[in-house]
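In what follows, subunit A forms one complex with subunit B and a second complex with subunit C.
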Partner chain A sequence: MESVICLPAANPSLFSAEGFVGLIFLLTIGIIIFGAAVATTSRRLVRCVAGLAICFTGVAGIYYFLMSPFVAMMQMLIYVGAVSILIAFAVMMADPEDHHGTARAPVLASPLGAAVGAMLFAALTGMGLNTEWQVFDRRGGGTIKDVGVAFLTDYSMVFELVSIVLLVAIIGALVLARRGRS
Partner chain B sequence: MIILNLYNCLGTYLVIAAMLFGFGIYGLVARKTLIGMLIASELVLAASSINFMAFNRFLAPDPTVGQIFTLFIMAIAAAEAAIAVSIVVAVYRNYKSIDTEDLVDLQG
Partner chain C sequence: MDTSIWQPILYLIGIMAFAGLNAAYLGWCERKGAGHVQRRIGPKEVGPYGLLQPLADGIKLMTKQLLVPQGVDGILFRVAPILAMIPAITSMVAIPFSPNIQARSIDLSVLLIFALASIGMMAVLIGGWASNNKYAMISATRAVSQNIAYEIPMLIMVITVVMMTGSMNLEDIAAKQQGGFWNWNIFPVAGESVAQALIMPVAFLIFFICSIAETNRAPFDMAEAESELIAGHMTEYGSMGFGLFMMGEYLNIVVGACLTTILFLGGWDCPLGLLPGVWWFLLKIYILIFTFIWIRWTYPRTQIYKLLNLSWKVLIPFSLGILLLTAIFIKVEGFLI
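Moving on to the complex of A and B:
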């Protein structure tokens, strides 16, 4: 059963512009897979953070392919520029490299985790590819202007609430990190 | 060549998101340090964002809603990462370790 939604497009040849775009998309997928693999399997945490930044860069490319350059830019700014750097600072402050022998080492965690991850991947893939998705008629364009107008009209309350959440998070992070330092 | 037209298909994005989700769950289960688990949870959040954006592009009637939801996910994820990192620093100050196997004070 073929129910995967594909927008109508002629099959591009390798040397046309569309074919080149397709090649870049494959490269983006490769970047995401490589980054995620490094982020979850590397033994040193610094390399994990670098893998996370690479993976987020690929995800920003995916957003660009999904016709949302603003979200792609925000992904680069917030995730690659802020969250990854924050985690890198945590790695430096907590200094997890000096191991002094833990009490127990779980031997089953890694294979069980791999099994759970593989099963979830298989289940979600099967569900995503075999569902009959229903397409609705388009009403808006989804441009940056539409996003800004929606932020300040329909979602203005949520917008303000998110700013309060961020304020509380900043204060909470400061209080938590300061406690214990006389 | 159908493989060069993959970026126009909804299924491709769903498969990528499922793969990121699987990697994230694997990292959450298998990692032994708190920072490793934080990195894995960020992968799970990225997977959900990709799903929102894919459905927004291909199915939704109004293609601004998914973008706005993804931006809210980013804001919440940034707040969550800040709180989690400060908790990690506080835990390290008390225990001199961020290994989950060392944080067993409540096990009696």
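Moving on to the complex of A and C:
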């Protein structure tokens, strides 16, 4: 994948390469925000899951934008293809669709919620704007070979630990599923 | 490669036309195939040999009203058929039809196709749930559990081929198998290790079984199993909603056949190494598609638990074994033979 080097020009025109890349970036951000909005505001749980899947797709776009196509595709494969579907499964099994929104929320709930939300937003924005972010050097080309070499050399310990966690999870799932069977 | 603006537009039109024609005419092929397997003629009234039947069906489906039954989830109900179509067409971007016919050479094209295929699974799930119908619901859960189960051995087989080639680019994988059938991944006798050649036919078989199951075709069509579930997740869909699901299914078959051809059958290579080109590629994918149709109308449907057992108890252990053996053959030079 030839990567588009996007050094922001001072004022890129919309029809230049930088302008177009910026447009795609904004589109990706738009997808993420739209997905998140659907996921949080929808009253039907399955729609929330669909919103979550849209959000994950947008995040994959951001990874692609950061020149890590491998991570972007794994994001699609794992988060859209597996995690969202797992959540959708759980929701379908658990949720009787009929009784939602019958109980009225307490009077103070919405103003308090709004206040907490505003505070959280202010705190996170302030932190984001005031922190001096440390810029890391780019390592390798983001290709699968670089990722593989990094996993098996610099980060081999982390890699092994993750596989042990996965093994424990698999065994745990087997034990739970096996219970009650002869 | 030429990077003028016309190239992507040309590929866009070409891929859309290829996808549309395949989706329409594979339906005709399937009916003819089914007819001949069952000692009937199949469609014959509309045009010579019924060749205009897909056109007539298309007009019929498009002019029908798109019914949205009461009690369904309106948005998700309308989105699902579109979602079923998108990944199948999009993944054609990454498929090399011949050395010079490929919309875009992507380093991770194998991964891209599987990443897109995971959206198709979402479409079945959403369509089944949004229909608000018990049959559709059961079908959706079945389809997803089946797809998850068969994706594992399929991906392991892909990893085996990727390990042998050392690249995730479909173009490289096909380019490495050029020069006659003895170089193809299905039986690579000319490769470094003869022992590898003995296990690759099994790998091909596993991959082919998985691609039948992944595209929800009989004998693994538990998702629509019309004798138990009416039409599964498509029960509530009429007119073009149903049409889109069917087109998505046929396009998935085309993509599956293309992948099988590239990964195991040498892509655009001629069996005897003469005149490689796009026609060999098309010939191979249509032979594979014919096999799909042939298997569908010859074998009875299995049961869902037998289907899952086949994947978890047979295909996955075998594919893991093949992966391990391949790794050993690659790493240990001169192992066995």
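What we mean here is this: the second predicted complex is superposed on the first by the 130 of 182 C-alpha atoms of A that agree within 3 Å, B and C clash if a C-alpha of one lies under 4 Å from a C-alpha of the other, contacts with A are read in each partner's own complex, and residues count from 1 in each chain.
Keep in mind that, in the parts below, a residue touches a chain if its C-beta (ideal position, glycine included) is under 8 Å from a C-beta of that chain, and two chains touch if they have at least 3 such contacts.
Bear in mind the structure is a predicted one, so any value in this text is a computation, not a measurement.
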item: Contacts of A:Leu166 with subunit B and subunit C, given as first, second, both or neither; value: first
item: Contacts of A:Ala53 with subunit B and subunit C, given as first, second, both or neither; value: second
item: Contacts of A:Gly81 with subunit B and subunit C, given as first, second, both or neither; value: second
item: Broader residue contact with subunit A after superposition on the shared chain, subunit B or subunit C; value: B
item: Which of subunit B and subunit C A:Phe70 touches, first, second, both or neither; value: both
item: First, second, both or neither for A:Ala150, with subunit B first and subunit C second; value: first
item: Touching partner for A:Gly30 - first (subunit B), second (subunit C), both, neither; value: neither
item: Subunit B/subunit C common contact set on subunit A; value: 70, 74, 82, 89
item: Subunit A-touching residues of subunit C, taken from the complex the two chains share; value: 73, 75-76, 79, 106-108, 111-112, 114-119, 121-122, 125-126, 129-130, 137, 141, 144, 148, 168
item: Contact set on subunit A toward subunit B in their complex; value: 4-7, 9, 11-14, 18-19, 21-23, 25-26, 29, 32-33, 36-37, 39-40, 45, 48-49, 52, 55-56, 59, 62-63, 65-68, 70-71, 74-75, 78-79, 82-83, 86-87, 89-91, 93-96, 99-100, 102-106, 109-110, 112-114, 116-118, 120-121, 124-125, 128-129, 133-142, 146-147, 150-151, 155, 158, 162, 165-166, 168-170, 172-174, 176-177, 179-181
item: Complex contacts: residues of subunit B adjacent to subunit A; value: 1-33, 35-36, 38-40, 42-43, 46, 49-50, 53-54, 56-65, 67-68, 70-72, 74-83, 85-90, 92-94, 97-99, 101-102, 104
item: Residues of subunit A defined as touching subunit C within the complex; value: 1, 44, 46-47, 50, 53, 69-70, 73-74, 76-77, 80-82, 84-85, 88-89, 92, 143-144
